[in-house]
């Protein structure tokens, strides 16, 4: 008979069966040939564990701290747009489930629920506001100020999206936000609506409204309008990691946007160590894109990440069973992580160290890539 | 027409056809995505032979010695649990076949036959008792003392199982020991029975009864209650190999538990040489997980193993034809090993040396991984 | 419902469905086992991007210059033979589409339209004439002089075809130019017709008419009969790159003829950097064979190419919808390139540099091959 | 409609369709899991050409010399047993076809035609006699003396077969020489017949009759009974290459017996360069196992081989169309080789040099394997 899903991949399959092709296409797809979509997951598989044994693991402690907030285990929920397409309760269901799980929720600028309503649904539990910078800087400023006023703990500034990636499913499906939904943070504003001219409606939206001129100096501007710490979401090189620190970012999220922006980009787990080495511990480094297992979290932490984020796994949980589905997914990953930690001989999160992983047998030298001398 | 199976893979297929899905699932599966299950076998394929020619191989001598006991060829039978699920005669059939084959039998703590009955079935032929340490140390102590009294030659202390790995087939099948069987070493004790609360019954059993706090100091305790030599089963790193030697282990079994504990762990054949180099000949090093061919045994010995162990191949033989099936499998592997030795130009086991194998053409440098400096 | 093709691969599929097997076989196939055909595309996938972020990309400028001519983006149309087999308008449709796209058209010696007619169809827009050197040097000389007189901007001298590669589809199909078509540059001459003796008609044509004795000294001869700059098309080694420069070539096209000549030859993207390093900036280096995406163009430029050429993608566009099909393909690749540039943080073509790509994670060392000492 | 086969793979398919499963199984199969069978061919694909251009190739000269005999191109026919199973004319057809092709024929000890009859069928054309050393040294001596008397030019002493490899098809099929055939070199002797006891009849034959004690000192014995030069067939290591030279062998055939002996052995093209370097030009080095294309021959020569041998391709030709089939195969490979040479810019065989190939992009360092220090 049928059984409850036992891993993220089974949630993915259930969600696919439930969603319309257009919505499933939007949630699942990566850019162009989806090479990076596959590589993000494969990158984790290229690492192998070197577990330690005969260590008393009877008191596993998964707690960690991100930006001064204690979370139940080193996994944060990434901001993903338009969650009401997955489930009528959308971001509200997510907020409740994430609060219950004791971790941080990332809320997208393109939430289908107003940020204040999301906060109100799970008041006080930690949230990060993901920011897309609009050409209309007044609109942008209002967003940031509202997030701060509502109690959001940080801004995750998305730096990899001056334009939207080519997601061919969306082009073919002429993807558009379904008419009964709006971009909830922009009530009454033109930024609330997507229109479609024959390709991806979202790509057209970004092209017309999002600011392609965004640059490092705008971090100064952002800091001038908010006291919230700023995370640079979408850095994958040492060069940019150094710039992020120099420009006052409070942390870095190594991300390739779930492979939705530039196909062929390095997988994030391959990029992570370069970034970690570059920041030299000055700010925490997070990583997302391709995390599907508790073991993936251990691998990322071994390479120096403070915590991981997940995007699609939460969307699949939400699609399948709303709040309960997300709770199930987060709980499953927490249990997987706890077991993986224990089987590696780690009692607490800080026990996870670089010696716990090597690259796989096809590339048996565990040294860092020799980077070409940067011209930047 | 049908023919007798000619290799381990064909025994596997026959066993699969014969067993119920629940039992087959338990015997065959690895943890999580079964990446390591595949990698254990692939690891052997990544090695290539450099055979020597024009050596008189008319007197092939396969004999070797493990812990002071002569065996007919360098293959030992690994402890595998609950063999009566494979065949009504279970561990008794195994004991007879292994004795006849002239090698060592590993008996699991979770045997479905009492250890004394197993010994009585093949009296005097060498056996190792695999030990899981129970929270109830008195129960554990009784087990060890009974094994010693019965004449077992060594304790194989399993060090990779403070908790049970996530075997998804068992979770889906709500795996449980069939009602007509019991854990034969625990008659009348609560440790004799598995109960099921909706997932893997065995995982629940381990969580409730096995001691997660087991650590290196417990080797001292074990040595205080038995004179049997202690093998650390489940070491895959140089660091732990050194600790095993320092803590008085008489040998090391490089094992990842047949890929059933931590998915993504290094394949044992890739880990072997690191361990061999670390122990510097002070104790013998054995290896299991993925051995399926006589050539695999030659490869392992070339990298420094004293002998290999096999788990599933014996289970498949037992499932297909009881004692006779195991005899067939062991005999086949012995013949394969003898042929492989001869075709490598080796007359006796000690002729097999490091120069006989290289890593494959995709990773043509035959040097050891550079390990990250251990923080431990 | 059906949608417009969204990438080159979909154009390929549509063209395959439309063309006869003989014509499709000729256009699509590579030599022998088609290993290089696959490797040309895979070579690009082995590279990974290291994109830079937070750079103002609001004014993307894709313009570049090739041999003194400004083109709208760094993509040139490679010479491909016998285009009237793809579409009745053949090379005339190509000329119009390429002129409209603002780039250079390569015209094959084996055009099914006379070079003067092609020029007249899109007068003044830049064209390169691809030259095969015939045994009959007078015929060859006339060709070159006519091209110069008609206003062609350069000679692309094909150096990899002293004989035709073994394209097994053509052998099986006994490929021949359909009777209603002729080699348009050779009206009235015997060089205008292909005959078939049971294998590839084109292979027989080349064997009987093309000069196998062509060598570096013939560059001098060519320079003596024309003022047009000469590009060596088909160089894949540092050694030949140096010789090309020494013999006065104005540029190099790193090409393996779309994998149609020597199967097993290095993919061009793998050969590119060696050539770039060897020429030390003395002449521009172009690359073709396997370019299918805007991201491929960025990768090639990162490794030092001045521009890419495409062969089959244009043939597929022409086959599917004539001039309009080519316009669609070129426009799509231009948009893909612009997006890829922007997502890499590049504002103008010259911003694309070596630090933007690394080889993939299976070969993580980004160093150049150590070449064996050349005996030549 | 159907077309003539255009490559060796198509001959293979036609032969498979024509032969009985038992005979096809014998001819085609490799040992155990047939990993090396696949790897032999893949080894060639892992090499990439670095062709040179603009070299006058109008006078391609494929001639070369092996052991003082001129041959039409650097390909020799390997000895393969029992050719009358493929075609009624068996070795006689082969002798005629090979003589016509102007190269050397290897004749197996296990020919189904007497060596004198084979010589008589193509008198004077060069042949090598492949020797298996029988326990009965008198029988062996007679064989060698008869070969010398008949005019054979060399002994190819097979050094990789003290016992027969495990070919599972033969075990399953209980392979035996069909009753109407005999081992033609042993008329009236017990060595003429194979009997079957339930597994591979040939394996039993070898076990009972072939001398497992054969060693380097027997080269002296051989040299004492014949003036023919002796080639060591089956060497794959530098160590044995040095011993072969020291013991007076006139040449080495790098071979793994077409992957029929030890599964997992290094592919011959990967072993070749090590052997070439070890012999330092003192004797010629040949290579077989996996050669299927003219390009493979160029690759082998680039790595230092004097010529290649082919086994199965000739068997497929013979099976499909007797003498004519072999002629077709040899002619096809000659044409492929000539074309490949020309496309590499080589005019004569000695132009093919080390710089013409590199290992593939997944292992881009073209350096030799670092061998472990030999203990032998």
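Order of writing sets the chain letters: A, B, C and D. Residues in each chain are counted from 1.
We adopt the following convention: a contact is a pair of C-beta atoms (placed from the backbone, for glycine too) under 8 Å apart; a residue touches a chain by one contact, two chains touch by 3 or more.
None of these values were measured; they are calculated from a predicted model.
Engineer: State which chains count as neighbours of chain C and simultaneously of chain D.
Structural biologist: For chain C paired with chain D, there are no chains in contact with each.
Engineer: Any idea if chain A and chain B meet via the same residues, over half in common, or different ones?
Structural biologist: Both copies, chain A as well as chain B, present different residues to each other, with under half of the numbers appearing on both sides.
Engineer: Starting from the Cα centroid of chain A, hunt down the chain whose centroid lies farthest away.
Structural biologist: Farthest chain from chain A, going by C-alpha centroids: D.
Engineer: How many angstrom between the C-alpha centroids of chain C and chain B?
Structural biologist: Computed from C-alpha means, the inter-chain centre distance equals 58 Å.
Engineer: I'd like to verify one number: the distance from the centre of chain A to the centre of chain C, where each centre is the average of its C-alpha atoms, in whole angstrom.
Structural biologist: So the centroids are 41 Å from each other.
Engineer: Residue numbers in chain C touching 2 or more other chains?
Structural biologist: 362-363
Engineer: All pairs of touching chains?
Structural biologist: Inter-chain contacts occur between A-B, A-C, B-D, C-D.
Engineer: Which part of chain D faces chain B closely enough to touch in the complex?
Structural biologist: Interface residues on chain D, with respect to chain B: 32-33, 35, 39, 43, 46, 159-160, 162-163, 165-166, 168, 171-172, 211-216, 218-219, 232, 234-237, 239-240, 243, 261-267, 270-271, 359, 362-363, 365, 369-376.
Engineer: Looking at the complex, which residues from chain D come into contact with chain C?
Structural biologist: Its residues touching chain C are 3, 6-7, 44-45, 47-58, 293, 295, 299, 336, 339-340, 342-344, 353-355, 358, 361-367.
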